[in-house]
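Read through the structure below, which is laid out as structure tokens, and then see the notes.
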Amino acid sequence: MQIAKVRGTVVSTQKEPSLRGVKLLLLQLVDEEGNFLQKYEVAADSVGAGVDEWVLVTRGSAARQILGNEQRPLDAAVVAIIDTIHLEDRLIYSKKDQYR
Amino acid sequence: MQIAKVRGTVVSTQKEPSLRGVKLLLLQLVDEEGNFLQKYEVAADSVGAGVDEWVLVTRGSAARQILGNEQRPLDAAVVAIIDTIHLEDRLIYSKKDQYR
Amino acid sequence: MQIAKVRGTVVSTQKEPSLRGVKLLLLQLVDEEGNFLQKYEVAADSVGAGVDEWVLVTRGSAARQILGNEQRPLDAAVVAIIDTIHLEDRLIYSKKDQYR
Amino acid sequence: MQIAKVRGTVVSTQKEPSLRGVKLLLLQLVDEEGNFLQKYEVAADSVGAGVDEWVLVTRGSAARQILGNEQRPLDAAVVAIIDTIHLEDRLIYSKKDQYR
Amino acid sequence: MQIAKVRGTVVSTQKEPSLRGVKLLLLQLVDEEGNFLQKYEVAADSVGAGVDEWVLVTRGSAARQILGNEQRPLDAAVVAIIDTIHLEDRLIYSKKDQYR
């Protein structure tokens, strides 16, 4: 999985019928030091992630291993809202600090 | 999924029999700020996307999670025509504005 | 799918038994403007593509959605010989012109 | 598979229910000479790898070919703790030397 | 598939039980002109490839389309030892010449 920050949303009315009701988030990928990468992913959300939260995004067929997504044409999904990232002794990210 | 703009079409007569009747669009990938990337994808269309529209493209086995595509040798498909893209407070793209 | 030009062939006698009889083409990937990329793919051919023809290559599990390939360890296959590529109003490639 | 060094951990409480109890490691990818790459992966661990150990990471649907992971939305997993890496005649890495 | 040269081996004792007995080769990827790329893959071998031989490596779920690998967490496998590579009229590689 990759670390990403929720940056925005993508809205569509004319789409595959199976995608109705799926919330599509625009995620900016983040490197292991917490820096933003010039890469993004539009991913389905099922954990209730909001803008500015850091999340884990899974890609490929893994995105369909989520209740309700089994038959949707999804290649990316948010699977977790991150609480903390530790890199050796350092705390790279903490959700609590982010929002204090 | 990635954001892409429909740029053109690819036509073939000598092909896998299962691809007969499949419309193949030439998509240029777009970054999260709306800039064009030096990347493209040839993808099957089932949502009726036309040249200049911005779409979502799904890749890998997800392309076969669409009615009729289940057994086609496709690794990319257009799954939605985009109405709007929001990046935090900014409206990065709006289909309405695009065509006014 | 990606656009590619057939550049050559790869021959092997000592290989997975299921690959016997599979023709392996060396494909050079082409960008959306028709320029050659520094990327290639060795792909199974089932549409009878020959050197210099432009083709569509599918990758990943899609390569096994072809009659006979279902249980072969293939991650790339030629699925179409391209007749024409249109990028907006321009004809980027035409098989007819290529061979006149 | 790719070679990676365990650098840290990612912790999340709000996540896909199927990910409960899964240990998520932050891995830094390593090249074939043993140099660190500017690439990382967050992967599920089932072999008991700890910080500083060198491991093999498998990606894509392979991550779900592990007992207990079959239905988890994982696209990366640690599958082995590396003892030695040989590049021709040279010993590039040895777990024993690493820890002496 | 990609062309690669066998450069070495990776050994592990603490690993997924299903990987016991699997020989893991360190492969350096080669471009279509025969030049070495700064990319590698650790892949399972089932064709008996040895150091210095040029091989074809398949990636993704294709690696599990090999007898015995069906349920192993592998995302790369050697599927053929290459005899010759032809690029248009030129012989880029010949196993015979390599070893004369």
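Residue numbering begins at 1 within each chain, and the chains themselves are lettered A, B, C, D and E in the order written.
Keep this in mind: contacts are C-beta pairs under 8 Å (C-beta built on N, C-alpha and C of every residue); 3 or more make two chains touch, one makes a residue touch a chain.
Since this is a predicted model, take the numbers as computed values, not measurements.
One copy, chain C, sits rotated relative to the other, chain D; on C-alpha atoms the angle is 145 degrees to the nearest 5.
Annotation: 21 Å between the Cα-based centres of chain D and chain E. Chain geometry summary: the mean Cα position of chain B and that of chain D are 34 Å apart. For chain C, the set of residues that touch two or more other chains comprises 60-61, 63. Chain-to-chain contact here is organised cyclically: the chains close a single ring, every chain touching exactly two others. Read around the assembly ring beginning with chain A and moving next to chain D, the chains appear as A, D, E, C, B. Within the complex formed with chain C, the chain E residues making contact are 1-3, 31-32, 46-48, 56, 58-66, 77, 79-88, 92. On the chain E side of its complex with chain D, the touching residues are 7-16, 18-19, 24, 26, 28, 38, 40-43, 51, 60-61, 63-64, 71-76.
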